[in-house]
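The structures come next, written out as structure tokens.
Two complexes, one shared chain (subunit A), two partners (subunit B, subunit C).
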Partner chain A sequence: MASEAHGAEEGGLVFHPMDQFIIKPLFGGDEIGLFTVTNATLWMALAVLGIIVMMVIGTRSRAIVPSRSQSVAELAYGFIYKMVEDVAGKDAVKFFPYIMTLFMFIVFANFLGLIPMSFTTTSHFAVTVVLALLVFLTVTIVGFVKNGMGFLGLFWVSSAPLALRPILAIIELISYFVRPVSHSIRLAGNVMAGHAVIKVFAGFAAIAVVSPVSVVAITAMYGLEVLVSFIQAYVFTILTCVYLKDALHPSH
Partner chain B sequence: MEGQLAHIGAGLAAIGSGAAAIGVGNVAGNYLAGALRNPSAAASQTATLFIGIAFAEALGIFSFLVALLLMFAV
Partner chain C sequence: MATETHEATSHAADAAASAPGMPQLDFSNWGNQIFWLLVTLVVIYFVLSRIALPRIANVLAERQGTITNDIAAAEQLKAKAADAEDAYNKALADARAEAQRIVAEAKAEIQADLDAATAKADAEIAAKAAESEKAIAEIRAGALESVKVVAADTAAEIVSALGGQADDGTVVAAIDTRMKG
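Right, the complex of A and B next:
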């Protein structure tokens, strides 16, 4: 993203806080084609692998008294299932596999990104925009398939005065199409901002006078980032559920 | 000169983060006030709390994005 700002000031920032987000090919070369193995694809694959390992090992024994790994798998399953049921309604349960996949991928990508020297895939808009666009397309198609033209009732606020409805319809339409934008930028922006802040504090650690403060600040920010990683995944999935509820029950 | 102006603009965009902080604080504070009045209803509203926080926070993230664009893309 930025490599021109490598200021080698005295004891100051010797690396750029945005350098951690540069995508590099893993096996030499400089060009990044469609199928080049980069650090981004590596960490995405690791996230998928982590999910598979967690869920397959967790559900292997299927004991009545769950082991530790089984408890984790059951906890994740139950957590998402309850969220889908509570927020999107009983008839949205058939979308549960999709929402579970989304949540697990984002959580794993976020948490793997917190490992020092790793790469955070969800900090890239390319990744989150694809996720958000898929949700947007799913919701729109499901809305039209389920309700036909009745889906357009989402934009026609029947509880408002008649004179106000066309104006509200335009506002609702705009807010509908801004959804994928805010949906994706929220996740990527939060993750990217947190990681950049940690790197900025890490830059201050080189100055002897402020380095103790800097180390404490990094630790505190890291703790906050662990929280943010989970909350942002939760928010992404819960908003997916809200949009899904709109598609299934479009009446305003 | 233009590059320096972009830096000033990025700094101004950072004010938006403070505004988003006010918004998020408002949501969380009102939730807590309501939860203390009626603790039995609090648990069922945590999802709403997070949705509200997410909406308030998104606009702060937009200002962060503007700052990033000014710093690196302009």
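Right, the complex of A and C next:
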């Protein structure tokens, strides 16, 4: 009631949909130094914990006939392994632990972020940009190490008419360097937008008349966000595989 | 009302505390986030690549091995069963052939025995018949002799009854002549 009156005072509702993304030191103080333990740190640590529970503790029995938890771990393993093998090729399998790390982190961060009052680490560009740059650097370095200068063939579309090739090369080059940008903004943008929209609907819930609609909308958005959480992790991972395939087999 | 005023003041403070735009673009804490992210990724990477993934790979390989072995064992058992069935069928066929052979043998033996017995019986019958014939002939000869004696006696009696004098030699000769006729 108070906030409603307050909102009316200011001539409209007051929303702080972005406040949920504020990074705060966990143990008091205002300064955020390089090593300060913040809420972001806490939720990253919880993601690590979740991964350990699922992948290590879940498989501790090493059973031939898997238990339920072991099945889940095996499912995740098989899902990413098959993706790497199918999309990036058999020789990309040695990057499997790396890709699995990315996938598990993103999926856990996304789903932990769906817990009410939690903090979503993958909604921050600082996180996704680093993830995307890691992929970009890995792919570029692997491309040059594996193929030498032949990696530049990626930009020289040999199947196109000769006159078009320089233009295509410029386009390809631009698209190559845009990859980490789109790669990172896609993930953080999706996660952030969903969470912000839920928060906006939650703000509307303060008005008695629209609150039922608002609660239904929050529920619907939450369902959508569950999908988005998985799909964005999947998209990030499969794009990593696609980029890796370019590095390993640069010929079109 | 007190809460309202309190909220109003705290709101002003909030407005200062909450980021004007996106907290994501507050670059002052990027270093902190990146540091903890790298720590997180390194920890996850080591946990996965050192413990979890090799373990799961092992389990999957082991399961594949077990399945392959089981299928091979099943295949082997199936082959064994087929062999056993073949052996059984062969034994059955052998037994049947053996039985047929024994039956044929027994039949032949019985036939031989029967033939021998028949031949022996025939021979015995023939011998008996010959003996009987001989006895009959003897009897017949004996009877003829008796008839001759009786006839001679009777003839002599008749002759003497008629008052004649019967000579033995004549009577016998006369009877012989009659009987021949």
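The rule we apply is simple: the second predicted complex is superposed on the first by the 237 of 252 C-alpha atoms of A that agree within 3 Å, B and C clash if a C-alpha of one lies under 4 Å from a C-alpha of the other, contacts with A are read in each partner's own complex, and residues count from 1 in each chain.
In this text, a contact is a pair of C-beta atoms (placed from the backbone, for glycine too) under 8 Å apart; a residue touches a chain by one contact, two chains touch by 3 or more.
Every value quoted in this text rests on a predicted model; they were computed, and no experiment measured them.
Of the two partner chains placed by the overlay, only subunit B lies in contact with A:I231; subunit C stays clear of it.
In the superposed model, A:L137 lies in contact with neither subunit B nor subunit C. Of the two partner chains, subunit B is the only one that A:S182 touches; subunit C does not reach it. Once the two complexes are overlaid on the shared chain, A:V213 sits clear of subunit B and of subunit C alike.
By the touch criterion stated above, A:Y98 is placed in contact with subunit C alone, subunit B being left untouched.
Applying the stated contact rule after C-alpha superposition, one finds that A:V242 touches subunit B and leaves subunit C untouched.
By the document's definition of touching, of the two partners only subunit C reaches A:A45; subunit B does not.
In the superposition on chain A, A:M18 makes contact with both subunit B and subunit C.
The wider contact with subunit A, measured as residues touched, comes from C rather than the other of subunit B and subunit C. Subunit A uses residues 2, 18 to touch subunit B in one structure and subunit C in the other. Against subunit B, the residues of subunit A that register as touching in their complex are 1-2, 18, 83, 86-87, 182, 185-186, 189-190, 193, 231, 234-235, 238-239, 242.
Within the complex formed with subunit C, the residues of subunit A that make contact are 2-3, 5-6, 9, 14, 16, 18-19, 21-23, 32-36, 38, 40-41, 44-45, 47-48, 51-52, 55-56, 59, 62-64, 66, 70, 73-74, 77-78, 96-98, 100-102, 104-105, 121, 123-127, 130-131, 134, 188, 192.
Taken in their complex, subunit B has these residues touching subunit A: 47, 50-51, 53-54, 57-58, 61-62, 64-65, 71-72. Subunit C contributes residues 3-4, 7-8, 11, 14, 17-19, 21-26, 28-41, 43-45, 47-49, 51-53, 55-60, 62-63, 66 to its touches with subunit A in the complex.
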